[in-house]
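Got some structures for you, see below.
In the two complexes below, chain A is the common chain; its partner is chain B in one and chain C in the other.
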Partner chain A sequence: MHKEASEFEPCWDILRSAMTDIHKKNAGSLSFEQLYRASYKIVLRKKGGDLYERVKVFEEEWFRDHIMPRISELITNNLINVALIQAPGTSLHERRQMGEKFLRGVRDAWKDHNMSMNMIADILMYLDRAYTVETKQPSIFAATISLFRNHILRNTLSSSQEQFNHDFIVFDILNAVVLDLINMERDGDIIDRNLLKQITSMLEDLYETDDEIGDQRLYLRVFEPRYLQASRAFYRQECEKLVRESDAGSWLRHCRRRLNEEKDRCGTTVSLLTSEKIAKVVESELVMAKLAEFLAMEGSGLKVMIDNDRVEDLSILYELIARVDPSMTPLKGTLQSRIMELGLEIEKNLKNTDFSAPSNGGGADGEEAAETAEKSKAQPLTAAAQQTAAAIKWVDDVLFLKDKFDNLWTNCFREDLILQSAITKSFSDFINMFNRSSEYVSLFIDDNLKRGAKAKTDAEVDVVLDKAIVLLRYLTDRDMFERYYQKHLAKRLLRNGSDIDTEKDMVSRMKSEMGNAFTSKFEGMFKDMELSRDLSENYRDHIRQLGDVDTQKIDLGVHVLTLTTWPPEVMGRSTTQEDASKGQCNYPPNIKRLQDSFFKFYLKDRSGRVLTWVGSAGTADIRCTFPKVPGKETGPLSKERRYELNVSTYGMIILQLFNDLAEGESLSFEEIQAKTNIPPQDLQRNLASLSIAPKARVLLKEPASKSVKPSDRFSFNSGFVSKSIKIKAPTITSISKVEGDEERRETEKKNDQTRSHTIDAAIVRIMKARKQFGHTQLTTEVITQLANRFKPEISLIKKRIEDLLGRDYLERVEGEPNVYRYLA
Partner chain B sequence: MAAHSSDTCNSKYVTLVSTEGFEYVVLREATLISPTIKSMLRGQFSEAKTGRCVFPEISGLVMEKIVEYFHYWYRNQDKTMVPDMEIPVDLCLELLVAADFLGLDKQT
Partner chain C sequence: MDSGTDFCTGFVTEIAKARNQDEFTDFTLTCGPDRFPVHKLVICTQSKVFRAACTGQFKEASTGELDMPEDDPAMVARMVEYLYSGKYEAAEVAETWISPEPETPLGDASSGVTIPETQRLTPIRIHARMFALADKYDIRGLQLHASEQYEKLATTIRAHQLLDSIPDVYDLTPESVRRLRDKAVMAARLAPEGELDHALGNPTLRKKTARATADMFRAVGERNPEFLKDLVASYIVVSSVRNCNYCAAIGKPQLQPMKATDYRCVTCGETTSKSSLQKRYAPRR
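On to the complex of A and B.
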């Protein structure tokens, strides 16, 4: 025992003197083996505990005697003043110099200590293996390295108590200096990043206790909270300054720069552990804090960015908001209201444009059609065309707006789904707020298809159709659209005014977008057209075979149209007031014969069908001969003139009347009406077309005013001259135009009727399946079922339910209010 | 051998010296299995500078066996099914002490 005890001191002496050498960086001549053997022996003699303690005491003394004095020297009163009291009076440069000098001192002390402890732990490795592990104490390295924390960082400044009446420790000063330097860098100064990085690494290597628990790093526990707090204060102040002095565009760029800077700073100066936390600080203090103020800024806010397509600004804004609020609420709201504003502006502009046009289409219903035509003659565009132009302008404007936002969406918003649905919703809202959208979209398609066949390439037409489909998607009242499209399509088909392939293409697009039910009528119309072509041809063959040589040979082309698939206007089934008086008009005998012959042919294969001739929808080519005008020896009037006149079926009937008329005789409006039984409105229009427009004035009107009145008289214009052989009589109603107010009310009324029936059907369908169903659920279900066609009004559904109750389709369930039962 | 070249730190070989002053030149990598020698050669002490490790308390007989073991380990470190190394019974105790000193008691 005595021998063992006596061996301890010599060994310890060796180690102690070696440790001094190590600290003094004189280890080069020391033998590792000898030192290791010394500690090995001590541990083998069971004196590990003593050795452990003595090493600690040695290091503590070393700090006290050699390190701390040097650190204390660096902590001048001036430094304390600046770092902790933030006393004014020192220049930035001075402050930085002083701070960095202090940090360098700490850094050097740490570096030395770290190296020495590594070497000492190496020679004491047997101590760790045989003693500290077994006694569950921190390793000798952990125990000695952490002495730096206790004896340097947590060293109370001796001078602070008397001077500032408060105890400061070195750590406080260290933090304050680091934060001050970082703020200097934020303000644009150059600082020694590497030095700061070494300091923060040191704090990462030191722990609150000697157990070295991961989340107890001094960096995380002490430095980081202060760093975040200081950054928060810095950015709060900066943000307030920006909102006062800057604009949204530079704020955005500033935010982006700051976020990048802070990210970089974590890598170069502080610690990557802080990246996310500091980003949060910048996000909340710089981005979020005054977000609303910046976005609302006059002249640079979100509104201006959108209006001026500031792609870069918006991209940054999106990136920033995506960081702080994935639901995009701040951006979404403004975006939507801006779309609404711009959308309503389109409507407003349209009204203004309409207003500036000389003839207001609003009042141009049937009675005044001729008048309107007359008035607008002086204008480059007819009233109807002007309104069509308005419709096209509206569609173009909406598409332009749509393009604009699509562009922003792709280029700035990274095709964000939330924003996409927000944009779509706003478009849908303003489009549906405009009560003529369905009609305008149909008119737009009409206009493009009518001209499409001639002036545009396939690719161009394709683009237009695509655009039309885009708009179609937004419409909620699709049944209204269907009605208008049916009307416009009917006119195009009957007048042969468009390319049938393009028409079919369009319809098939609608089909894939809206479903089969939506396009069934349109497809029926196409089918009727095809069948009719074959039918006409077969009929011609039939006549030829009969060898029936008619002196007044008439070539017949017939369109047999299914009543239900074609629009009622075309089929002459309109529900307007004069409906009752409307019967078949009187066809001239030669036409009548032809009709009968065709009907007979038609019924051969299809018995039991009824054909109704619709005079208002057809056209006729008439070969007219104008005799030589007596007394004229030169000029066109001196010869006999033959023209081919293309007129409407009614026009043909009217002209035939004049065939039987002697030279110089005339017919009054009433006489013509009585003889033909053409509805007065149509008659008026057709007479206007034949007697007013100069290029087809084959009838003379008395008096020669510019509108047709019931008192007028008409006679054959034997002096008619035209440069071309083929003449098309202008048809007043041929241009698809925006409806007048009355017409519009009519359409809406009809639409409401159809809707009532559709709702009835839906209710019955649902109730048949459910047998018994509550009112609210029923209403919801009806809306869901009809969503693809239109948005039914709740009041209307309620009315329909009541109606069905009255008609004994449904009954109320006793005792349970608002529950209905289906009656089979 | 080249143990005393100027570039000893990076030399492929180190010299181990026994009590009697016998020198064993061993592949540096092979000696690194001993944590003690590893620390010795990595630090800033004289051994690291000279590449010469003197063990006054390890006899030549034992040192020879240790060097044999270093090579044995180095050759076979990646193999399975390795034949046992031959250990003379009379050396066992001394070898155990030396192994403890060199930190060879842990599974590596």
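On to the complex of A and C.
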């Protein structure tokens, strides 16, 4: 034992002198094996504890004598002043020089110490394995590396200066210098990033205690909190400055740049451990802190970005908000209110134009014409056409707005689902706030389909149809739309004014969007048209076979329309008071014969049916001959002129009256009306078409004013001249156009009636299934069932329930005031 | 044999071949008169000590040579053999290594580390020494291998041979390294029984043998008191050791600690020998 003990000192001597050499960087000639063996032997001889302690003592002494003086030298009073109390009077450059010099000194000391400790830990490897681990002490490396923490970083400097009323440690200076340098870089200075990185790595390698517990790195425990705190202060200040001096656009770019910078800084200067935390700091201090102020900025805020399609700004904004608030609340609100504003603006613009518009066919006054000229550069339009133009403009504007926001959504908002539903909701809201939206959408489709088949390519029509469907999706009052569309479609079909394939395409799109029930009427109309075509063919064949050659050679084309699928206006069943008395008009005898013949033919296969002739809906092609005007030897008037005139059925009846009239005779409005029994309004329109429009002025009017009055007289215009053979008399009608206020109330009233019935049916259906049901649930259920057609008003539902109670469909349950029972 | 195993076998063979032909060797271990050219990759991946020597900033790293003046060349040769093949030869041969004069005061002629001039080492002692060498250079695989070999051999040899290896086991590693010590103690507990078996049916011889065995233990105990301490501690923890057929059947060592009262296996809980005991002591009908 004695001998073994005596072996310790020689071994320790070897080790000690080797450790000195290592610190002095003279290790190159040392034999690792010899040193390892020396420590191995000591441990084998059970002297590991002694060795452990001696190494620690040796290192502490070395530290005290050789390293501390070097560091202390660097900590000048000047440095302390600058770092801890930001004493004025030092230039930025000076401050940086001084700070970097200090850090460099710390870094060098650390590098040396770290390297030496690694080498010493290598030669003492057996000590760690067989002694330190067994006795659960910190490894020799941990125990010696931490000297740096205890003796340098935590070295208390009791400064001689009076301005410090408390002691401070070197670590404070180190942190302050690092943070100062980083702030310099943030302000645009160039600093020694590598140096800072080495310092922060050092802090990552050092722990609070020798146990080296992962989350007790000095970096995480001491440096990082201060770094975040300093950054927070920096960005808070910067944000305040920006909100005072800058605009939202440059703020956005600044935020983006700062976020990228901080991310880079974590890689190059501090530690990646901090990336997320520093990002949060920037997000909260720079992005969120004044977000509302920036978004509300006059001239550069969110409103301006949206209005001017500042795609880049909005993209950045989206990215920033997506980082901090995935629910998009700040963006969503403004976006929605802006859509509402813009949507209501569209409506307001229209309303300004619409106010002076007359309900129908009257002459346009000057004021309105002026407005029309403003609105479109085209020729002054008729009042009705203006209405259509207004509708088209509304739809176009809405679609334009929609395109704009779709565009922003795709290009800036990364097709964010939350924003999509927000945008959709706002569109739906303002569209449905506008009480003519259903009508206008239908009019828009009408306009495009009417002209579409001729002027537009399939692809263009396709786009239009798509857009129409987009708008359709927003509408809540779909029953209203159905009503208008039915009316417009009827007009197009009867006038043959559109491409039937396109029509069917549109309807099938609606079908897939809104279901079978919605389009059943439209499909019925298509079917009627097809059957009618066949019917007309068959009738012609039938006549030919009969050999009953009509001397007048009247060719008949008939549309047999099912009463329920076609709109009542077209079917001549208008419910307006003045038209209630309207009976059948008087057809000329030749036409009457034809009608009877067709009716007979029709009933052959379908006995028991009733046909009503609707004069207001048909057209007739009339071949007219205008005799040579006496006294004219040259020009078109010198010859006999034949024209094919296309007029409405009423027009045909009117013109036939003049066939029987002698030259120079005339008929008054009342006379015509008495003879034909055409409803006065229709008559007025048709006479206007034949006597006012220069293109087809085959009748002369006395007096020759621009509107038809009941007192006017009409005569045959023998001097009529036209360049084309085929002439179409212009239709002056209100049916396919925008409604006037009067008609509009009418339509709404009708619609409300239909709605009442629909609600009745829904209530009865529900009660039949439930037998007994509470008021609130019933209301909810009704709304759910009808959601696809329209949004019923609660008061209306209540009224209908009361009505049904009165009609003994339902009864109240005794004792439970809000519960109803179904009565079979 | 799958391709993975093929690959490993082939790989090992090729690397061993490269050493034999001194190809690509980049480091040399020297020991007494012997030089062992080796590959850093092979030795450093298996030993942190060699790794530190090769990568550190000491002399060895620059000279490419590590001298082991106080290790037994025959043992170092076995260590290198193990590093390249995963095993070593331990047949009994005449060891004729002459220890050099210590270069430093480190050497101590009477310490267990130093080897007498000429010595015949039994295989069991070779294993014990290989274990110590593995511990010194931190070669885990070799430590495991040597201790397994030691254990295997320990139960098959005579008591005096086993006790011969005790100084090697107790002197060459620190107390904290338990693996081999535990195995040696366990083997030592079984050894007397083996000795006495030779004297079955001969009470006189049995008595004599018992006395001789006890003397052997006493002698070793004087030389290595820690061994005796461990032996006593072992009896306290495990009072009895028997063959357990259940454990043997599932691939564990057949020798298992047993409760002294009912011979229940501590490891598997079964009473293997119960039936045989019952049979043996059943009253005759």
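As a convention for this text, the second predicted complex is superposed on the first by the 739 of 824 C-alpha atoms of A that agree within 3 Å, B and C clash if a C-alpha of one lies under 4 Å from a C-alpha of the other, contacts with A are read in each partner's own complex, and residues count from 1 in each chain.
In this text, a residue touches a chain if its C-beta (ideal position, glycine included) is under 8 Å from a C-beta of that chain, and two chains touch if they have at least 3 such contacts.
All of these numbers come straight from a predicted model, not from anything done at the bench.
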* Could you look at A:Glu33 and tell me whether it touches chain B, chain C, both or neither (first, second, both, neither)? => both
* Asked: After superposition on the shared chain, which partner residues are touched by A:Arg129: those of chain B (first), chain C (second), both, or neither?
  -> both
* In the superposed arrangement, which partner chain does A:Leu657 touch: chain B (first), chain C (second), both, or neither? -> neither
* In the superposed arrangement, does A:Met119 touch chain B (first), chain C (second), both or neither? -> both
* To do: Mind working out whether A:Val819 is in touch with chain B, chain C, both or neither, as first, second, both or neither?
  => neither
* **Dominant contact partner of chain A by residue count, chain C or chain B** => C
* Asked: If you lay the two complexes on top of each other, which residues of chain A touch chain B in one and chain C in the other?
  -> 27-33, 35-37, 40, 119, 122-123, 125-126, 129
* Contacting residues of chain A [partner chain B, same complex] -> 27-33, 35-37, 40, 118-119, 122-123, 125-126, 129
* Structure fact -> The answer for chain A against chain C in the complex is residues 3-4, 7, 10-11, 14, 27-38, 40-41, 43-44, 46, 48, 119, 122-123, 125-126, 129-131, 134
* To do: Would you tell me which residues of chain C are touching chain A in their complex?
  => 48-49, 52-53, 56-62, 66-68, 70, 104-106, 108, 110-111, 136, 138, 172-177
* Asked: Contact residues on chain B for chain A in the complex?
  -> 35-36, 39-40, 42-49, 53-57, 101, 103
